[in-house]
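Let me begin by handing over the structure; questions about it come next.
Labels A, B, C, D, E and F are assigned to the chains in the order they are written; within every chain, residues are numbered from 1.
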Amino acid sequence: MSKTVLAAECPECAADVGLDADARVSEIVECVECRSELEIESVDPPTLVRAPEVEEDWGE
Amino acid sequence: MIRVAVVGAAGYIGGELLRLLVSHPDVELAAATSRSLQGRQIDGVHPNLRSRTTLRFSAEDELDHYDAIFLATPHRETMARMTEFLGLARTVIDLSGDFRLASTAAYEDYYGTPHTAPDLIESFVTGLPELHREALRTADRISVPGCMASAGILALTPLAHAGLIRGEITVDARTGSSGSGAKAGSENLHAERSGALRVFAPTRHRHEAEISQATGLPVRMTATGVEAVRGVQLVSRAHLAPDVDERDIRSAYRAAYGDEPFVRVVAHRRGLHRFPDAKILSGSNFCDVGFALEAGSPQVTVISALDNLVKGGAGNAVQCLNVRYGLSERAGLEFTGLHPN
Amino acid sequence: MIRVAVVGAAGYIGGELLRLLVSHPDVELAAATSRSLQGRQIDGVHPNLRSRTTLRFSAEDELDHYDAIFLATPHRETMARMTEFLGLARTVIDLSGDFRLASTAAYEDYYGTPHTAPDLIESFVTGLPELHREALRTADRISVPGCMASAGILALTPLAHAGLIRGEITVDARTGSSGSGAKAGSENLHAERSGALRVFAPTRHRHEAEISQATGLPVRMTATGVEAVRGVQLVSRAHLAPDVDERDIRSAYRAAYGDEPFVRVVAHRRGLHRFPDAKILSGSNFCDVGFALEAGSPQVTVISALDNLVKGGAGNAVQCLNVRYGLSERAGLEFTGLHPN
Amino acid sequence: MIRVAVVGAAGYIGGELLRLLVSHPDVELAAATSRSLQGRQIDGVHPNLRSRTTLRFSAEDELDHYDAIFLATPHRETMARMTEFLGLARTVIDLSGDFRLASTAAYEDYYGTPHTAPDLIESFVTGLPELHREALRTADRISVPGCMASAGILALTPLAHAGLIRGEITVDARTGSSGSGAKAGSENLHAERSGALRVFAPTRHRHEAEISQATGLPVRMTATGVEAVRGVQLVSRAHLAPDVDERDIRSAYRAAYGDEPFVRVVAHRRGLHRFPDAKILSGSNFCDVGFALEAGSPQVTVISALDNLVKGGAGNAVQCLNVRYGLSERAGLEFTGLHPN
Amino acid sequence: MIRVAVVGAAGYIGGELLRLLVSHPDVELAAATSRSLQGRQIDGVHPNLRSRTTLRFSAEDELDHYDAIFLATPHRETMARMTEFLGLARTVIDLSGDFRLASTAAYEDYYGTPHTAPDLIESFVTGLPELHREALRTADRISVPGCMASAGILALTPLAHAGLIRGEITVDARTGSSGSGAKAGSENLHAERSGALRVFAPTRHRHEAEISQATGLPVRMTATGVEAVRGVQLVSRAHLAPDVDERDIRSAYRAAYGDEPFVRVVAHRRGLHRFPDAKILSGSNFCDVGFALEAGSPQVTVISALDNLVKGGAGNAVQCLNVRYGLSERAGLEFTGLHPN
Amino acid sequence: MSKTVLAAECPECAADVGLDADARVSEIVECVECRSELEIESVDPPTLVRAPEVEEDWGE
């Protein structure tokens, strides 16, 4: 397991999202609170944007 | 005999149509299509039909022409191919969601995709005999409402149309697993789905739009998957117009359903079975509707239940066929339901 | 129309008889008795009958005379009152265990009490058309086999009578909760019974005696309560006579059941539904029977399933009525069963 | 070691207390009473405790004096005997409904009987550490909230107290069968209760009064029995104060529950387990709380779930004991819950 | 602290290992791999672990070196990669079927594929402390038996080894749906699997070979999928050696299990819970074993039950770890099980 | 089965409740719609009042 060192804010729910020290732009991470898929837009400062989502269909 | 075909016959709605049609006294089931199972006997996936039929699934391109054709195919796909389907039969009865909403904007909003056959929408009659019996007698394009939608529409329209309720309606819907069809995925894996209380649509379930369209009132609906294979139950709340009491509500329901073969009003003061419960409706074409008032409260709680595959789908479609072809409305739909079950 | 009455109509077998009889084309249901609910509408405890009947329960002393009377009362009680019941109808169809065993010693052994009407036993014909159709055509005292017994007898007698199996048979039976009736106790409290795998009879279940009597072979049976309301399934094992192979077994079943309306042989090599499963039989009068052999093994595994309240009780009783009164044997028993369910 | 006794130990809440207390590292379970089973081993009715204890049920008059006593007895009875119980222990933890409502008028209204110990009510502290932790540290009379009430209070008070919601709340509650205790009756007979969607309280369920008392807002609640043994789930709807958005709600929950050991906020945008579901909580002391907003809607839908016998009863009571005696709040309550289940 | 990793951690056995290991007092869970979910939080698919861990799934190539590694991967795959796995940890605990059978012929016969790592088989010790505790104290290659196999071996070996039974054993096994893992297919679709009594292996289930190997007796087993998520129950029948009576059997079980922490003998004459039932074992590491004799019969009926994911898999594996590392054998396995459930 | 000849109105829900020809004052009947227990107050004209009810408790 890699250590968490950077903290960014989830653009969806404002939770703190930890990023690995070696995180890179355009990597996808998951928000620990709302479980959105987030894309790393920049690492300095650490910024996240919502990643395009696949539609989930939970049925009729 | 009415000669009919079922498209999408390998699925759950398709299978339920087959069950009802093979026993229907006035119908000849001429074809049942499946892309994945063509050539196979239909009782391989619908084992309840063993000894009742020797029909095999056919390919869609083997279809010729029928009095009526039932479409039990997924939405999107159905509208994409509707023109083709319309050429196959005098009467097309569509069970998908594609032609239920009059507004293309509502369709796009709720289904997340633009409607691809907007010109056809208006030609479809809503397949709910309780509300559209006259139009159905001559309708050749019929769009059957959604399962939860049917339960909501049958529960709420008598009150809405009589002006007994007003303002926003909230609906808490519960559904069994057959409501999402026969396609396996982690969401309906037995170990995950069994015993679940899964709020899969906390807001904006598609059937909300259908109930709103039928009642003319704004609707907010939440849908939860509960432990059941078949069955839908809705608990709805609405605001009463001033001075409405129990007698007004009973009398609105009596006016609407006193002569209906498949809607029963169940609102008892005593006993174990005081309100509609889907448990006893499996396999039957009934929609049970009930309600409760509270002294001093301006709200009414309305409870309704049905079997999603029958009155919420295939049974309702067969009832429409019966109306359209002047048959006894109960034909092929006599099964009472089981207790205990 | 055959005029009939049901005694013990508030229970589960009684309720199932009512369900079948109100929809039977050739029957007039004239009375349904309950000691505890007399005067009440029958759909209060049998809610599936809403809108299908307005009959009320009557007291037993209101009974007059009928073509046929069905007894859905507890054993012991039934034999104690059989003389009285025989006076009420031309044909008495008893669903209790009291007149199933020819031997009073076996009765006392399995039921733990001496038989109190031994002289009547011989006058009863076993209510299983597949084995006793000819006798039933003129029988006016009919004793319907037990639910698990029926599943065992239908599965095993074709093999036993054809000499294909011999020696001791072991039976592993599983049953749903409706098999023990509608009387509430801690043993069938939902929180206790739900999801249970309860070995309630590790040895000497009563139905073992019936299977043994019908097959002429010694039987050892274990019974487990499983999660289900309706449904019985038996997995039986027997020793094959020398040189018996799959063809011999299929051919014995074909000879026995090729023309039977309600027994189906289900032993497939592929698919999800290869062997009998009670899940798809709820409400139907089918008994499905299947088997498996193992290369090099001298044993056959026989699997059978039915709905305990229908082919294992009320449906079978109605089938007997049909035979006795020369009606179509399928009359009132057409329901196919549901899938999924 | 804290020496404790459980009164009403043969029931479901009593049994769950025993389960938690026999494994609790800082507790000595000294007595468990049952009137009907005195002298019997407790694993006879609580078979999960086999090999974990050799305790036998004792009679109530064998009780002497304990650090703490848990009352798992029916309401009415509990208030009638509270003075007696108060003499048996320093700390009394009552799980019945008798001392939950501050208002005797509300009690009479919801319980249908006058309160017989009104002077004692005020001396009880509500047994919900999330709201009353400070008072509980020194409380010797503790009244644990109802199961559905706890799920509602934990879901709604953070929003109500932060002023994020206002006006009337509607609650749609679903519950498993263990919620009505171990007493057998036709209402919880397996064949009747299995698979049921039984609206047993369309209006005015007792727990509604507790939620209203805690939130300070009017509440209308409907309760439905669903297929489950354990488990409660609530879907509540409330009106948002102006300009409230997702961040405000998340932040209110974070403030309330960020450090709580047993409340988790579950409101995900993806995955199978997006909202609280009781299915994975059986045996655990968690209450999961989640919510959903709809663009343009002034309402919030709040979903909460717990195991009625644990966080909705016995587990919560043990958590109160832990707080009162300065133990680790998690002591004896570490079980995670199962998935799949 | 013992540093451990779990391979195949996204599946049901993998998830159960995580549940047990995160709460284990002497273990540090260092890695959990999944090929499909690497980088995701493990509570996304194992929602019961919310708030108990912030671990994320890692890729298999991120693994370094551990004290112990658990393999919860499919058979075939596991033997193909065993050499690689052996390099990752001092102790390898394999839960797949690949190293359970000593005979490669039996493997090929039952698994339908040749064994690809035959030289390694002998180096594995069977991971069942009740039979192999001494060897396990120093074992670094451990192969945990199958779920139904464990229930059969624990039930039958004390009788077989004491010479109390002989000849062929027949086994009727019932299993819940989690036994077939987390991969979705039509066979475990909720609507198909719910309420099923599916005889999926009428003969030659793989676990039959394990029971036969352990008892030294021929075994014929039938396996049925029943309505349950967790849980296995076996009803086995064996022939008694001459003059064996109840005392002999009780005494053999006492000798075998008197000091065992996780095997309980349950064969009561009274009460609701007379024989082993998996219903109360969910989440616990117990295997309950019971039996019944019949006066005059030369057979014994043996009943056993366990949770397939715990004593039938992950719990048993953790118990082996405890034995191997000299920890308390109960460490991390204290959960009692729930009643009602 | 006795024949229904008289019709009274349910005081609870206004449904028509059929009474047997030989019905007598103070007999208890059940309303077919709301299933209230009703007591026959008079037979000419046929009048019903609500009978005292036993509380049913459907649990926690």
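In this section, contacts are C-beta pairs under 8 Å (C-beta built on N, C-alpha and C of every residue); 3 or more make two chains touch, one makes a residue touch a chain.
Small disclaimer: the values here were computed from a predicted structure and weren't measured.
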{"item": "Each chain counted as touching chain D and chain E at once", "value": "A, B, C"}
{"item": "Number of hops, chain B to chain D, where each hop joins two touching chains", "value": "1"}
{"item": "Same or different contact residues where chain C meets its copy chain B, judged by the half mark", "value": "same"}
{"item": "From chain C, the most remote chain by mean C-alpha position", "value": "A"}
{"item": "Listed pair (B-F, A-E or C-F) duplicating the A-D contact set, over half by residue number", "value": "B-F"}
{"item": "Chain centre separation (chain C, chain D; CA means) in Å", "value": "45"}
{"item": "Whole-Å separation of chain centres (CA-atom averages), chain C against chain E", "value": "38"}
{"item": "Centre-of-Cα separation between chain F and chain B, whole angstrom", "value": "36"}
{"item": "Chain E, residues touching no fewer than two other chains", "value": "12, 44, 178, 182, 186, 191-192, 194-195, 229, 272, 277, 340-341"}
{"item": "Multi-chain contact sites of chain A, meaning residues that touch two or more partners", "value": "35"}
{"item": "Contact footprint of chain D on chain B as seen in their complex", "value": "170, 172, 174, 186-187, 191-192, 194-199, 202-204, 220, 222, 224, 226-228, 231, 233, 235, 237, 272, 274-279, 292-294, 297, 299, 301, 303, 305, 340-341"}
{"item": "In the complex, chain A residues that touch chain D", "value": "12-15, 33-37, 53, 56"}
{"item": "Residues of chain B defined as touching chain C within the complex", "value": "12, 15, 19, 22-23, 44-52, 178, 182, 229-230, 264, 266, 271-273, 277, 280, 282-284, 286, 288, 334-341"}
{"item": "Sites on chain E touched by chain A in the complex", "value": "30-31, 39-41, 44, 54-56, 58"}
{"item": "Parts of chain A lying in touch with chain E, wherever the complex brings them together", "value": "1, 28-30, 32, 35"}
